[in-house]
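Chain naming follows the written order as A, B and C, and within any one chain the residues start at number 1.
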Amino acid sequence: MTATTPSGPWTLHPDRALPADPAVRPVAREIYRATRDLPVVAMHGHVPVEWFADDAPFPDPAQLLVVPDHYLVRMLASQGAGIEQLGVAPTADGAGPAAETDPRAIWRRFCAGWPLFRGTPTRFWLETELVEVFGVTQRPSAATADAIYDRVQEAIDDPAFRPRALLDRFRIEVISTTDPAWSTLEAHSRLAADGLGHRVLPTFRPDALLAVGDPGWRAALDRLGAAAGTDVESYPGYLEALRVQRARFAAAGARATDHGLIGAGTTPLTGTEAERVFAAALDGTVTAEDAAAFAGHMLFEMAAMSAEDGLVMQIHPGVLRDHDRALAAAFGPDRGYDIPVATEFTRALRPLLEAFGRHPRFRTILFTVDETTFSRELAPLAGVYPAVRLGAPWWFLDAPDAMRRFREAVTETAGFANTSGFVDDTRAFVSIPARHDLARRVDAGYLARLVAEHRLDLDEALDTAHDLAYRLPRLAYATA
Amino acid sequence: MTATTPSGPWTLHPDRALPADPAVRPVAREIYRATRDLPVVAMHGHVPVEWFADDAPFPDPAQLLVVPDHYLVRMLASQGAGIEQLGVAPTADGAGPAAETDPRAIWRRFCAGWPLFRGTPTRFWLETELVEVFGVTQRPSAATADAIYDRVQEAIDDPAFRPRALLDRFRIEVISTTDPAWSTLEAHSRLAADGLGHRVLPTFRPDALLAVGDPGWRAALDRLGAAAGTDVESYPGYLEALRVQRARFAAAGARATDHGLIGAGTTPLTGTEAERVFAAALDGTVTAEDAAAFAGHMLFEMAAMSAEDGLVMQIHPGVLRDHDRALAAAFGPDRGYDIPVATEFTRALRPLLEAFGRHPRFRTILFTVDETTFSRELAPLAGVYPAVRLGAPWWFLDAPDAMRRFREAVTETAGFANTSGFVDDTRAFVSIPARHDLARRVDAGYLARLVAEHRLDLDEALDTAHDLAYRLPRLAYATA
Amino acid sequence: MTATTPSGPWTLHPDRALPADPAVRPVAREIYRATRDLPVVAMHGHVPVEWFADDAPFPDPAQLLVVPDHYLVRMLASQGAGIEQLGVAPTADGAGPAAETDPRAIWRRFCAGWPLFRGTPTRFWLETELVEVFGVTQRPSAATADAIYDRVQEAIDDPAFRPRALLDRFRIEVISTTDPAWSTLEAHSRLAADGLGHRVLPTFRPDALLAVGDPGWRAALDRLGAAAGTDVESYPGYLEALRVQRARFAAAGARATDHGLIGAGTTPLTGTEAERVFAAALDGTVTAEDAAAFAGHMLFEMAAMSAEDGLVMQIHPGVLRDHDRALAAAFGPDRGYDIPVATEFTRALRPLLEAFGRHPRFRTILFTVDETTFSRELAPLAGVYPAVRLGAPWWFLDAPDAMRRFREAVTETAGFANTSGFVDDTRAFVSIPARHDLARRVDAGYLARLVAEHRLDLDEALDTAHDLAYRLPRLAYATA
C-alpha cells in the first residue's frame, strides 16, 4: 500500500483508478499506457463556444473551477452552503439572495469542503487538474486555500492557458459545443475564419422548440423563425424552419443533434393531429397531455430528418429538471437540483426503431442515468439494431465504479462495437482531459480483468482499448 | 486459503468479510482495526423496551435466537418448515395450527437447517453470536444441536447475560426502541428512574394512525386520544394529539420518528380535503383512494411537525406487508411474508422536499429495499438537499455484498457525509454487535479498495471509517 | 499474465472465467475441479426433439452453429449484416429478401465478425466448442474461415458426431425439449421405443393456447382439440383438453410446463367471466384487455393443474417479442429482435402464491431478464415460499458477469437451496456442455470468494458447488 501521506507533497499516483488486484494491475497498466496519449475526441459537451471564439483569459479560479461546475456546487449545497455563497447569481427578478462576489471567498469554501468529495469523481478530476494542469502541490483545505488560489490565478494569467492554447495542450482533436437550434452560429463562423472550423463543431439542440407546453416555447419559436428566415406560424413552416437550421448546422460542421427530455416516447401523430396541437400551442391553449404527445411525435420527426441529413441523434432522457422549483425561480434553471427518474426504452423507442432502426443513414446514441436499463433494455437494443449505439455512462454515472458497472452490464449482450466509446459531457473545460484519462483507466481495468480471467487475449484488449478511447467515438459520430 | 476445516474447533477468522485481494486486505485490516472497538450507536431498532425496563433473564435459546428472528424463520419456512414448528404462535382466533412449545425441538430444527444459511448474513451474525457471546465451539448441525443448546442456556442463566448487562458488554452507547405513537412511555420512565433515560430512547411510530383505511385505525385513534388526553373526534384534534405525543416523546429523549409505508407520496391535501377524508374515516366510509391520498398528506404534515420539533424523520417505504394474507390471518402480521416492491422517490418526495428540503431544522433519513433507487434517485437527492441523509442499506440489503453495492452505488454521487453511517434495524438484540461489526468490516473493505486504487489517501480512509461507524450516526440523529 | 498470443496455436486456458485474484483463484480451481466432470442435467431447452429421434448428421457448420443461434445472428445484425445474409430464410409470403444458401459464405461472415464477440459469452461458448469439440487450432478470422469450416465439416461427417452419440460424449444425463401443448409426442415415442425415453423428456408449452387475442390462437386451439380428442368449443372443454394433454406429457416423462409471456399477472377470473372471454375469443371479438386478463387467469389455472399433476411450472416473463414487427413479418418470429421490459413479480404473483405457494405438490421456477427483481422481489419470494425456486439467470444474463451478479444479488436473501441450480436454455445443442462448464466456473469463483473472505468453509463450498451443478437441478424438477 503506497498511499500518499498527507504530510508529503501532493502528487498523483501513476496507477490511480486501476484495479488493485496484483494479477490484473500489470495488465491494466500495459493497456492504459497504450491509450494514455491518444488524442481527445469530445463530440458532446457544453463548453461555451464563445470561450474558443473570443479566446479571452479565464477570470479567476472560482469562476473557472467552482461556479460553473454542477458537481461541486451540489455537493457543497448538500452540506448546507447556500448556492449564492458559491457565487451562483440569482435571476434578474431578484427573488434569490445576492451572490458572493469575492472569488477568493468562494474558493475558500470549496477548499474547506474538500473532504466532502472523498470517493467522488470530482475528487479525481480536480486532483488531476490542480496537480497536472496548475502544478498545485498541496491538498486543498482551509489552510491551503489561499496558496492554491494564487497558484491557479498565476497560471490562468499566462497566455498559455487561454482556451485555444489549452485545446492543443489537452490534445483535443475535435470538440463539439451545444447550440440552441435557433443559433446563427456566429461564433462558429469566427472560429471557421480563424481556421478552427473543423476542430470546434456545433451541435443542434432543439429541446425548447419541441416543448410546446413550456412558457418559453413561443419566444424560442420566434427566434427559430428569425434565424431560419421562414414563417413559423404554421406546423409545416415550423418543420421547414427546423430543416433549414439543421442544414445550417450541418454546413457549419455539426455531426449531431442532442435531445434532453423527460421521457423517451417516439409515437408519431398523424399530420392532422400534429397541426391541431401546434395550433393550440400557438394559441396558448395546448394541454399537458397534447404537449407530451407532441414531444414524442417530434422525436420521431427529428429521427426522420436525421435519416435524411445524416446528423447523429443523441437522446438523453429521464431527468426531472429543477426538482426544487422555488430554487429554480430564484436562481434560474439547471442549478444542480436535477434528479433522475426511472426510464423506459423498449416500448418508448419502438416506433422510432421500427421506422429507422435499420435505415442505412440513421444513427442514434442512447444515454441514460437509469442504470437498470443497461442490461435490461439498452444493451439488447444496441445489440441488434444497426442504427443504435449505446452512449457512455452519463452524468451521475461518469465515475469509476459506475463506468465499470456499465461495461459489466452491457458488454456481454452488446459487445464493445455497439457502444460509443467515451463521451464526456461537461461545461468544465479544464476537466476534459481528466475525464478522458479516467475513462481510459477504467476501461483498461475492465479489459485487463477479462484478460486475467482468460476471457480475452491481450492483443484483443489492446485493440479494443484503442477503439473505446478513440476510434469508436469517431465512428459513432461518423467523423472519421 | 485458511478455511476452517469442519473437524477442528469452530473459530472465527479475524479477517472474515474483509476483501481477499492481497493488495487490499492489509489496508482493510488496518482500517477495521481503527473502528472495531468504537462504541455502538443504535438509533433505530425494534428491541422491546420492556427487555431493558424489566431486565429479566432470557427464557431459552429458541425464544432468544430463533422465534423472534424473521431472517431465520423465513429461511427455514422456505424449505418447508411450517412456521408453527419454529414456535410461531397462531393468533387468538385460532385459525393456525398450534405452535411447537418445546424450545429444544425448535432449536434442533434450526441447527439441522444450518446449511441453508450458507452465504447469508444470518450465517455471519449467528456465528459471531454463538462463538463470541456464548462461547460455542461446534458448528451447528443435527448432531451438535443439544450440546449447543445447553451451552447457550447455561450462558443466559448467568446474570451477566441480562439485557442491561449486555448493553455494557456490547458497548452500546445509546439504543432506540420503536414505540407506538400512543405510548405513554411507561417503560422508558422506569428506565429514566434507573438512570438509563439517556441510553435507551423511544422512537415515535405513527403508522397505524396515518392509515385511515385500515381496520385497526379507529382503535389506534382512541388509544392516541387517551394517551394525549385530547379529543380526537376531529381532524384538528387528531393533529393536536399527534403534536402532544410527539412532545411527550421528545421530552423522553426521542430523537426521531419512523414511517413504514408502501409508497413515498407526500402531496399535501387542502385543509378542507383533509377534514373531509378524516370525517369519512371516522364514519368508516373512507375510500381506498382517499386513504392513500391522506397517507401522503400526513407524511407531509409529519415533516412540517419535524421542522418544528426537530425530530428526525425516518422513511422506510416500499414493502408489501403480509404477502400471504391467509398466513397473516392465522399467525398475525409480520411473520416473514413481507416482500419489497419497486419504489419511486424523485416525484413522490418532491412536495416534501420543496417545502422542507432546505429547512434548517428539518432532517429526513431515507431507507429502501429497492436497490435500483440508490444511484438513480436517492444519491442524487441526498447529494443536493441539505435535509436529506441516505440511510444504511435496509433489511434484505443489510448483508456484505449488498452493503458493498450500496457504497459503490451512492458514494460517487452523494459522498460519505450525506449518508447516515451504519444503522442496524433488528429485534434480535444479541445480534446488534455482530451487525455493527459486519458493517465496519464491509466499509473498511470498501475504503481499502479506494486506497489501494489510489482514489483516497489512507488518512482520509481512517477518518471516514470513524465517521461511518460512529460520528455520522450521531450526527444524523443529532444526538451529538 | 498468460494471455494466448495470437501467433501461437489457439488453446483454452484451464483457468478461464475463474477469478484472477491470487487469493481466490486456487480455491476456485479446487471447487471447479470437483464439479467439472459431473453429468449434465439439462431440464430446460429448445433443441428440436427430431434431432434425437432421427439422429441424422448435422448438415454443415453454418446450419449447425450460426443460423439457429440467436446470439450470433443478432450481434452480426447489429453491425449491419442483413439476417438473410446469415442464412435466415424469409417467410413463405416472401416479404423478406432471399436467404444466403451457401453455408461457406455464411461461415465466412461469422468468422470475419469474430472481434464483435469480444467480452460476450458467445465468445466463450464458441471457443470451447471449436477447440474442445471440433479440435480447431486457429482463432476465427476472414483468413482462417475456410480452414475452420473444413475442420468442422470433417467432424460432423463422422458418425461420432451424430446427436445421440453427442449425448454420451457431452455426459448429458437427461435433457428436456420444449413441445407445443398440442403435440402428440410422436418423436418422443420413437425415442422411448429406442430406450431413450427417460433421457430425452418433453416439456409442456401452452403459450399459444393461452393468448386468446393472438391471430394464431384459433389454429392452436384446433390442434389442441385434435391431439386431445376432445371438443374445445367451450371453456370447460378447453380446460379438459389441456388436462388431457398434460397427462399425456406426464406419461411421456415430462417434468415441467413452460410459460413465456409479457407479464406475470395471475389474478383468476370467475368461471362466468372466463367463459365469457373464451366465447368472445371463439367469436373473434375478444378485446385486448380481456385477453390480457384471461392470460393471467390461465396462469393461475395452470398452477392449479400443476398442484394436481405435479408438473413443475416454469415462468419466463418480461420479454417483448418481435420488437421490429416488419422484420418479424418478413422473416418470422423470434429472429433476435426480442427485447426485455421491466417486470413486476411481487403483486403479480400474489394470487398464485397465496393459493399454491405453500402447497405440498406445487413447485414454480421463476426466470427473469430484469436483474432489478433479483434482490428486490425474487430472492425475498423464493426465500420464504416453499413452492418457489429461483431459476438460473436467463438468456441475456446467462453470461459470466451476469451470473456472478445473480449470485451476489440473491444468495444473501434466498441462500443457495432456493435456487434451481444451473439451467441452460438453448437450441444450440453443441453449446450445452460449454454453457454448463461456464456456469460451474462462475459458481466456483463466487463460492471461492466466500471462502477466501471466510464467509464459508471450504467443505461447505465444495458441497454447495455439487448442489448447484447437479443436485439442485434434479431436485428443482423433482427428477431425483
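FYI, a contact is a pair of C-beta atoms (placed from the backbone, for glycine too) under 8 Å apart; a residue touches a chain by one contact, two chains touch by 3 or more.
Note that this is a predicted model, so its numbers are computed, not measured.
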item: Graph class of chain-chain contacts, one of line, ring, star, complete, other; value: complete
item: Copy-to-copy rotation for subunit A and subunit B - C-alpha atoms, rounded to a multiple of 5°; value: 120
item: Mean-CA-position distance for subunit C and subunit A (Å); value: 39
item: Touching two or more other chains - residue numbers and ranges from subunit A; value: 21-22, 342, 372
item: Touch list for subunit C against partner subunit A, complex; value: 1-6, 13, 15-22, 25, 74-75, 77-80, 115-121, 123-124, 139, 320, 323-327, 336-342, 369-372, 396-397, 399-402, 405
item: Residues of subunit A that touch subunit C when the two form their complex; value: 21-24, 26-27, 342, 344, 346-347, 350, 353-354, 357-358, 372, 375-377, 379-386, 388, 407-409, 411-418, 449-461, 463-464
